[in-house]
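Below is one structure, written out as C-alpha cells; comments come after it.
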Amino acid sequence: MKSKMSCLTMVALMCAIGILNFGTVSYAQDKVIKVGGELPLSGPTAPTGALNKRGMDLAVDIINNKYPGLTLPFAETEGIPNLGGAKLEIVYVDDRGDPNVALAEVERLIQQEKVVAIIGGWQSSCIKTGSMVAERLKTPYISGAGSSVDLTKRGLRYYFRLIAHSGKVARAYFDSLQAMEKRLGEKYKKVAVAYENTEYGSVCNEQLENEAKNRGYEIIASIPFDSTAISVNVEVQKIKAAKPDVFFQIGYDPDAILFTKTMKKFGCTPPVWYGMAGYLSPKYIPSVGKDGNGVLISGWFHPRFSKPVTQKVGEIYKKRYGKAMNIPVALNFMTPFVIADAINRAGSTDKEAIREALEKTRFTADQNIMPGPGIWFTPVQPPPKHTHDNEGVSMLVLQIIDQKVEVVWPFDGKTAEIIWPHPKWSEK
Amino acid sequence: MKLLEIKNVTKRFGGLFANNRISFDISQGEIIGLVGPNGAGKTTLFNCISGYYPPTSGNILFEGREIKNSPPYKVCARGIARTFQIIENFQKMTVLENMMVGAFKKHKYKGKAFKKALKVSEFIELSDKNFEYASDLSPPEQRRLGLGMALATEPKLLMLDEVMAGLTPKEIDEVLDLLRKVRDSGVTLIVIEHLMRAVMSICERIFVLDYGEKIAEGNPEEIAHDEKVIQAYLGKSYAQG
Amino acid sequence: MNVKKENLIRSSLLVISVFILIYPFLFKAAFYQHIMIMVFMYGLLAVSWDLMGGYANMFSFGHSAFFGIGAYTSTVMLIHWGINPWIGMIVGGCLSGIVGVLISYPTSKLRGHYFAIATLAFLFVTKILLENWRFVGAAQGLSVPMVKESSLLYFQFHGSKIPYYYIMLGLLVLGVVLTKWVIRSRIGYYLRALRESPEVAQSLGINTAKYRLIAIALSAFLAAISGTFYAQYVLYIDPPSAISLHISVQVVLISVFGGTGTINGPLLGTAILIPLINLIGAWLGGAGRGIAFMVFGAVIVVMCLIQPDGLIKYFEGWKLSNRRENEAA
Amino acid sequence: MDATVIIQLFVSGLTVGLLYALVAIGLTLIWGVTDIINFAHGEFLVIAMYFGFFTYSLLGVSSILAMPVAVVFLGVLGWIVYRYVISRVLKSENILSQIVVTFGISVFLQSLFLFLFTGDYRSVDNDPWIKGDVQVGGIFSSTPEVITSILSLVVIFFINLFIKKTYTGKAIIATSLDRETAQLMGINTERMNSITFALGIACLGVGGVVLPITTHVSPYSGFLFAVLAFTIVALGGFGSVVGTILAGVIVGMIQTFGGFFVEPAYKYLCVFVLYLLVLMVRPKGIFGW
C-alpha cells in the first residue's frame, strides 16, 4: 500500500531532479576555484545575511582584481598566484537560519557544487550543523561570525573561527568597565542582564555571568526575553525595580529599539548601559534618534578604527554601496582572504592540504581589517580548550555619541572621548 | 427471575418530567411494546436504560444488578443493545464492517468477528449487500442494518426505537417476521412503536406512556379497551392505523 | 476491478519498491538522499499524526511537541548518562506517549477547533519550558557528541548518508506497518466507528475515552521516534528547531493535502510536498526567499477547495481487491 | 513591594490586555458566526501594520491616517476570502479542511510578505502625531499605548452597538446561536457570514495601523498576536464580545503580573497554563455558553 506514495515520490523526484539539474547548470570554466558561502538569505535575519554577502563579494573582488595600495593579501595580484592566478568564486546557499536546512545546503555545496571549502555563516546554530557536515565530509569551514563559545570547543579538525567568541566579548566588557571605573574612581557592583532567549543570547549571558562573578560583581537580575518580542514592558519594569548600576542588553535591532523606547517610557537610566550587536544595526540610531546617545556597545569592528587598511577598505566599500561599512559586512569580509591564502600556500585545491595550510595561517595586523594583531588559530586541542579559534582578534568598545558610533576603548585607539555616566533621558 | 426491572425511574430536565416514577419489569423472552404519543418520554426511558442519561431518581436493575449509572458501553457489555430513532450507522463503512464493530464486543479477533457479522447479515437478510457502504443502502435496509449492528453484540435484551418508521406495509411485515425470528433466537425485545397495528400483532405486553407517566399496562386486548389509553392516544391512532 | 489493472498496479508497486530500495545508489548526491530522508521522516510524522487527527478526530497542532520530546529524550540520555540513542529512542517514544495521555485529560472534552487551539497552547508550554530548562541546554540547545568512527550502535555515520537513508526507511516501514496493523485490528474499526458517530459507537460497547487514549499514545510514540532520528541525523537540537509550530503545521497541512484517515494519504502528501519545498528552496536559493512556502500554502488552499478529502481521493480505484477475498476466506 | 509598582503593573497589564482584545474581537465574531477559526488572523493584522508603516515611511504622515484605507482594504479582502475560499470549504462536511484552509492562507501570506518586504523588522519611530510618553504620578505609559487602548474600547463599543441595535447585528447573533432557525426566520445566513468575516477582519485595520509605533512589523509579527488571540477567544467563549474583552484584559494581567512576579521568561507560559487549566473546568471558556 505504501508503495502508492512511493510511486508519487518517484514522479515528484524525477521532475524535481529535472528542475534541479536545469537549475544549477555549473558551466565548467577553468581556473575558477569554487568556495561555498553559507548565509541566511531569507527568514528573519535575511537583511543581515545580505550585508555579510556584500562584504564577501567585495573581498572576492579584491582577491580577483588589482587593488593597488591595499595591504590585504592578493590585493596587488589578480587571483591566486600559486594556482596560476586562478579566480575565487563563491557559490552562495541560503540556510534560512534553520540548522536543518544549513546541514542539507552545506552538504549540497560540498557534494554537488564540489566546493573546496565553506566560508560564511551567521547564526551559531546553523554554523553548528554546517560545520558538523563539513567535518564529516572532510572539508574546511571558516566562519567569520558565530560568537557562541562552544563552536570551537568541539575539537573539530576542519572548522576555523575568526570572530571573537562571546567569552572574549564579555571579557572586553568588563575590562573596559574596570578601566573606566579606575579612571573615574567609581565602583559599581550591581549588574543586570537582559538577553534574547536564543542560542546567541543565552551563551552571551552565561559568559557575562561568569565574568561578573570572577571580578566580584553581583548579578541582581538576569532576564531572558523572547527575541522579536512584541512588548518588553514587564522586562523593563523588572530591571527598574532591581535598580542596577550596570545594565547589559543582548539582542538584535528590533529588541534594541524596543528596549530603548521602553526604558525611556519608564524613565529608567542605569549609570552604565552596555548594548550588543543590535545597537550597531544601521536601523538603530535613525529609529531612536538622540535617545540612543550614551549606550556603550561591544564592537568587533569600526570603519574609522585607527588602522589604515581598515579605513581604506571602508572608503572602497562606501564608494561602492554608499553606506559606511558596518559589523555584519565586516565580520565575514576576511573569510575569503583566509581561505584564498590557505589555498595559495597549499598550492593545490586538495582539502586536506588546505586544512593543514589553514592551521599555519598567519595574518599580520595590516593584512586584517579587524581590530587586533592579526589572524592565527589555536591548534587542535581536546575540549574544553578551544580548537582553531582566532587568537589574533581583539575587541573594541564603542559608544553612541551625538547619534554617531565612536570608538571609546581601548583608549589608545579611541575616536572620541567617552560619555560617563549614562545621561538622563532629559539630558540626551 | 426478572431480566429487567425499572423501579420508579424519574428523569427531569429542569422543570420538565420526561419520565415520572415509571416502574415495570420484563422477563426473559418477552416482546414488550412501549407506546405513547410524541413526547411521552419513550426515547428518554431508553436513554436512561442504555446509560446515555443517568436517571434523576429511581433504579434500574438488569438481571438483578444495578445498571443505573453505568456508561453506555458498560450497559452494552452487560447485554443490552439498542437502535436509534433517527437512522444511525457508520456511513463510510461497509455493511459487514458496521456489524463487525458490534461483533467485536464478543469476538476480539477479526476473523471471528467477521464470521459473526456474516451470520448476522445472513440473519437480517442483508448478505447480498455485505460489501456496500452503509451510505449506499436504502432507508429500510439502513434500519435493518441498525438492527443487525445491535444483534451483532449478541445482546440478551434488545431495545428498538421505531424500527418501522416510514416503511411500507409489506416492509413492515418483513420486519415483524424478523423480530419474531429474533425473539425465537432467545433475545428479549422492547419495541417503541407508533403503529399500533404492528405493536398489537407481535407484543405480548404493552406499556403506555403519556406525559412521562405510565398510564396503562397489559396485553394488547386490555390496552385496546383501556379508557385512559383511548383518551390519551389510541383512538386517533387507530383511526389512522 | 479488472485483472489488467490489478496487474498494472502490482507491477508498479513492485517497480516502486525496488526503486526506493536502490535509490541511494541511483542518486549518489547527498542532497537527493537528504530529500528522501526528509520524506521518510516527515512521512512517519504525518502517519502518526493521521492516527490521531485522521482516525481519532483529534486535530493536533502540537504534534511537533512529541517530535521534540523524542529528540530531546534520546539526546539528553546520551549526553548526561551515555545511554545509547537506540534505547533513548524507545524511552523517548514511551515518554512522549505518556505525555500524550496526560495532555489528553484536560482536552478530552474538546472537539475540532477547540482541541486544535488547546494543542497549540500545549506546544508553546513545552517549548517555553525547554527554552528555560538548563538541564536540557535551555535556549542553547544540545549538540549530540560526535563519535570518531561511524557506528550503528551509536547511530552516527560520517561521510555517507546511506545508513541514515535505510534506517529512516526502516523506521518508516515499521511505523506504517504497525499503524496499519492497528488500523485493521479491532482498535482501527473502533476508531473509525468513533469518528463516524461516537453515540452509536458507545451503544455498541465501545469505551470512547479508552480508544482515544490508545490513539494518542501510539501517535505520540511514533512522532517521538522520528524526533530521535532527527536529533541523531542533525546532531544538534534547540527548541526552535525541534519544537516549532512550523513543523506541526507542515505535518498537518501535508496530511490534509494527501487525505487524512487513510495512512496512505499523508504518505502521498509527504512524498510530493517535501521534495517540492526542498527543491524550490535549493533551486531558487537566496533569490526565492519565501517562494517555496508561498507555493506550499497555495497548494494547500487549492486542495482544500477542489478536493477536501485530499489527493488520495483520486486513487480510490487503486485498491487491490484482495481485501474482500481475504476476509471472506 | 510598594503600591506604585502594583499600579504600574496594573496599567501595563490593562493596556496590553485591551490591545489583545482589539485583535481578538474580530476573531471571536468570525468564530461565533461561521464556526471557523481564522488562523490567518495574525497575517491580516500584519497587513494592517504594513499599511501603517508605509503610510508613515513613504508619505511621511502619521500612520493613523492609514486607518480608513486599511479598514476598507481588509474588509474587502475579508469578504473576498470568505466568498471564494471559506464559503466553499464550509460546504464540504470535512471539518479538517475547514481548519486547515486558513492555515494555508496564513502560510501563504507570511511567505508573500517575506517575498515582498523581506524579513526586515520595521517600526514607526517618530510618528508626527502619536509620540511621546505619559507620566501620571509615578505611573508611566506611552501615548501610542494609550491611543491603542482607547481605539480598542471604541471598536468594542461600536461592535457591541452594532450587534445590539442594528438588524444585521441581531441577525448575525441569531445566526451564531442557531443557523438553521435563523435560516427559517428568513435570515440570509450566507450573507451574514460574509458580513461577519469582512467586519471581523476590518476590525484589525483599526488597531493594526498604530501597532508599528509601539512594537515593530515583520512577516512574522502576526503569529504571536494570533496565538494569544486564539487563547483569549477560547478563554472568553466563542462569539461572546464581552467575554473577549474580559479575557483579553485577564490575559494582559496574567502576562504582566506573572511575568513580574514569576519570571519574565514565563509570562506567556502563565497565560497558556491558565488557559489549559480553565479548559478542564469550562471546555467552552469562562463566558462560553
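So that you can tell them apart, the chains are marked A, B, C and D in the order they are listed, and the count of residues begins at 1 in each.
Convention: a contact is a pair of C-beta atoms (placed from the backbone, for glycine too) under 8 Å apart; a residue touches a chain by one contact, two chains touch by 3 or more.
This one's a predicted model, so the numbers in the text were calculated from it and none came from an experiment.
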Which pair, B-C or C-D, has more C-beta contacts?
C-D
Hey, how far is the Cα centre of chain A from the one of chain B, in Å?
76
Could you grab the centroid distance between chain B and chain D? Build each centroid from C-alpha atoms only and quote it in angstrom.
51
Rounded to the nearest whole Å, what is the centre-to-centre distance of chain B and chain C, using the mean of the C-alpha atoms as each centre?
44
Just how far, in Å, is the C-alpha centre of chain D from the one of chain C?
32
Can you list every residue of chain C that touches 2 or more other chains, as numbers and ranges?
131-132, 289-290
Expected list for chain A, residues touching two or more other chains, is 42-43, 46, 197, 224
Where in chain B do residues touch two or more other chains at once?
none
Where do chains touch, given as pairs?
A-C, A-D, B-C, C-D
Which chain A residues qualify as touching chain C in the complex?
1-10, 12-13, 16-17, 19-20, 23-24, 39, 41-43, 46, 49, 53, 92-94, 96, 98-101, 103-105, 107-108, 110-112, 125, 128-129, 132, 135-138, 148, 150, 154, 197-199, 201-203, 206, 224
Give every residue of chain C touching chain A within the complex, in rising order.
12-14, 16-17, 19-20, 27, 29-32, 34-36, 38-39, 43, 131-132, 138-141, 143, 146, 158-159, 161, 172-173, 176, 180, 230, 234-236, 238, 240-241, 258, 263-264, 267-268, 270-272, 275-276, 278-279, 281-286, 288-290, 315, 318
Interfacial residue positions of chain C with respect to chain B in the complex:
184-186, 189-190, 192-193, 196-197, 199-208, 324, 327
Which residues of chain C touch chain D in their complex?
53-54, 59, 105-107, 109-110, 112-114, 116-118, 120-122, 124-125, 128-129, 131-132, 245, 249, 252-253, 256, 260, 289-294, 296-301, 304-305, 308-309
Where on chain D does chain A make contact in their complex?
5, 8-9, 12, 16, 114, 118-121, 123, 125-126, 133, 135, 140-142, 214-216, 218, 220-221, 224-225, 255-256, 259-260, 264-265, 267-268
